[in-house]
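Only one structure is covered here, and it is reproduced in the block below.
All chains are identified by letter, namely A, B, C and D, in their written order; residue positions are counted from 1 within each chain.
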Amino acid sequence: MALPWGGIVGQDEIDAYDAAGFGRPQGMGKRPALLIIDVQYRTVGTRREPFWEAIKEFKTACGEVGWQAVDHIRPLLGLFREKGLPVLYPYVAPKESFDVGRLAEKVPALMTVAAKGYEFVPEVAPVEGDVLLPKKHPSAFFGTPLVSYLIDLGVDSLVFTGCTTSGCVRGSVVDAFAYNFRCTVPIECVYDRSRTSHAVNLFDMAAKYADVKSVAEVMAQIRALQPA
Amino acid sequence: MALPWGGIVGQDEIDAYDAAGFGRPQGMGKRPALLIIDVQYRTVGTRREPFWEAIKEFKTACGEVGWQAVDHIRPLLGLFREKGLPVLYPYVAPKESFDVGRLAEKVPALMTVAAKGYEFVPEVAPVEGDVLLPKKHPSAFFGTPLVSYLIDLGVDSLVFTGCTTSGCVRGSVVDAFAYNFRCTVPIECVYDRSRTSHAVNLFDMAAKYADVKSVAEVMAQIRALQPA
Amino acid sequence: MALPWGGIVGQDEIDAYDAAGFGRPQGMGKRPALLIIDVQYRTVGTRREPFWEAIKEFKTACGEVGWQAVDHIRPLLGLFREKGLPVLYPYVAPKESFDVGRLAEKVPALMTVAAKGYEFVPEVAPVEGDVLLPKKHPSAFFGTPLVSYLIDLGVDSLVFTGCTTSGCVRGSVVDAFAYNFRCTVPIECVYDRSRTSHAVNLFDMAAKYADVKSVAEVMAQIRALQPA
Amino acid sequence: MALPWGGIVGQDEIDAYDAAGFGRPQGMGKRPALLIIDVQYRTVGTRREPFWEAIKEFKTACGEVGWQAVDHIRPLLGLFREKGLPVLYPYVAPKESFDVGRLAEKVPALMTVAAKGYEFVPEVAPVEGDVLLPKKHPSAFFGTPLVSYLIDLGVDSLVFTGCTTSGCVRGSVVDAFAYNFRCTVPIECVYDRSRTSHAVNLFDMAAKYADVKSVAEVMAQIRALQPA
């Protein structure tokens, strides 16, 4: 597929990264897990609506791009379940009276999302046995026991879906890379309220931290895995 | 100063972030520390040269933009020293035979930088009493005792300088924000090999994690601090 | 008060630690917070009963020593509230179907505690504004955002209460010490199902990580703090 | 072998732990790594001497018990090398001028150990390819990238050796348990300056965090591992 940063990142910049040796593929290991990050009504809205309509329901909504991603996460999730591979849901925990600090100052609108917004989007919601990880900060690893679950599950690779590309997905990928998990981002399965941030964060991740490719390619990799 | 993402991030995107409530200022606390991240010869070269010359010496070099940032870090560093405020140097540790893993796969050129490349750039080098933090991963917090030093020093705010904007600076800012430090990025003091990544990462950080402003404004804030 | 490890740790051992230079006091800083760790019915039982009765209700119960500690935590908690100092409650999160791993293997009885056991003991229960930290692992810092709250609250010192002395209290003290918080353990406010482990863990903490003293002495320190 | 806490922890306490369901075995996984913690001259002295002689050379020395442990670590290390299993060396980093904080206050003698003290004991020293992890705090995981190496190496189990039983070994075991690694402590391979702390910390670890057994039993487990 066409790389999403085409026409946004200049060809001279892409040449510079190539010359410096960035962006080599990592490949997938033997046992990937799927992370579905923050796919809650608060990030897509309860209805399929354009961005400017969606933010009337939840200020945190990304609108149509979110629902399009949900359409692509659904078959990928189905494949993980079929293969018996682990699925984990890091998600934004409802705010409590003692949750103040930098987040509340930087984006106060995040503190007053209605309870409905914290529900999982039913199309890709967790089932019994999936790991649920409420979180207070961008990265799915920060202040959560995610890495303990991954070690117990014998996971060596992670596939990242959800939102936002430039926020919690990016933060989680950087941490996962530092922990030495093999990271893959299926392009159609992550979303953001800014198309430029979305594209440039995918460029950054492809250059430094993750394999960034079409969901079709990722599904082919999963299908080709040998049973453990 | 003109915001560096002007002309790169669309006005409709900026409007969307405003409508969603992003980008409120955090302000600076009472006791900031200065982080000088990866300002080693490997990221600027031993001479002031354009990017395409500089990468002949070190593949990891950013070229002229790095030296321009060094020019701006220098007076800021002088002000921190004058005020007796803490200065910390997270830096890339020389690679060892046992350093393999995702980084070596994604950017193999990072593994073979000559020893000279790991030296600090003399114009902004550490002095006795500064905290040195060798690191193996992008964020200055990951796998280092940085947060322990900051707690011992009673620091509540961090000013980020060095490189790259889209790599170790971005990763460190996201972690610092999650730890609840007040984060400030003086625009002229951070650098990157990609002007687009540089600009969009500053946009992302301004929207979600940090106050992003001119170094002149940051120096005025530091000058105005009351002695503890 | 008589040190609890008297008669358990030999005088020659105490002399050896003195000769090696262990156990110097840290003192308390300017802004302590109180941690009340795992003071839930599961660790004391719903009634004041001896150990061998209490474990019939919850296998995790410590019995009378727990209730005695609650009696001492109560006035200490009152003093923190009176002074407007932060109070935080790290507590054992109810187990979920996906919680397996080492804990479930090592102490399977921990996995089947009745829901009532997860309730806070009312005598020292949280009120609006206290920080609640569900946890899955021994240390209050592991896999939780505790350190982010402490940084936001400007805390420099921690007073540890709750249980067990040799488990979650010990683990939390070791981490807090590593983060450079000043650690104090009021002897009467921590409890354990083993009197020997209780005493020797207090000895270890006093030698290496914390100031271990009577609750009366700790309350005198808190009373003497100047308002910020 | 006789359990080291016999005669120190009372039979009623051991019965209480049994009744509460503690101390079940974890077993070893498929791929263990060996941790050799702080086996530097500073913890044993450059000569085999009794404790009261040894601390004249280094205040941090444990004396004869350290050298006896080295005798037992040596064949275990040989077996790991023979099997091609990973060996990692978390070790105390030499102190620097900026290293202050709680450790310097609690045990000031730790700050002035002569340079020779930081050398590895030659009998069990690292070779090319082993992972070296300088550390500033008790746990081998705190402020180090240890977990990233373990994930990259595909390790699921850890065998702990070195010192002190009640300090860095205990702290590292608690963290490893929380990360969900299977933990084994070969009794003869860990050492401490206090025989009571040594014994009771082994009791605590056996009850809650690790399999604690003779080095002969551990070597039999390693020998029985199937090649990957």
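One rule holds for everything that comes next: contacts are C-beta pairs under 8 Å (C-beta built on N, C-alpha and C of every residue); 3 or more make two chains touch, one makes a residue touch a chain.
What you see is a predicted model; the values in this text were computed from it and never measured.
A.B. asks: Which chains sit in contact with both members of the pair chain C and chain D?
C.D. replies: A, B
A.B. asks: Contact counts by the stated rule: is the higher one at B-C or B-D?
C.D. replies: By the number of C-beta pairs in contact, the winner is B-D.
A.B. asks: How many angstrom lie between the CA centroids of chain B and chain C, rounded to a whole number?
C.D. replies: 38
A.B. asks: Mind checking the centre-to-centre distance between chain A and chain B? Centres are C-alpha means, answer in whole Å.
C.D. replies: Each chain reduced to its C-alpha mean, chain A and chain B end up 25 Å apart.
A.B. asks: Quick check: how many Å separate the C-alpha centres of chain B and chain D?
C.D. replies: Chain centroid spacing, chain B to chain D, equals 37 Å.
A.B. asks: Mark out which residues of chain C touch at least two other chains, giving numbers and ranges.
C.D. replies: 101-102, 137, 142-143, 145, 148-149, 152, 178, 180-181
A.B. asks: If you look only at chain D, which of its residues touch chain C in the complex?
C.D. replies: Chain D reaches chain C through residues 8-10, 13, 16-17, 19-27, 51-52, 55, 59-60, 101-103, 105-110, 137-139, 142-143, 166-167, 170-171, 174-175, 177-178, 180-183, 193-197, 200-201, 203-204, 208-209.
A.B. asks: Could you pull out which chain C residues touch chain A in their complex?
C.D. replies: Counting only chain C, the residues touching chain A are 96-98, 100-102, 128-132, 136-137, 142-146, 148-149, 152.
A.B. asks: Taking the complex as given, what residues does chain A use to touch chain D?
C.D. replies: 145, 147-152, 154, 156, 178-181
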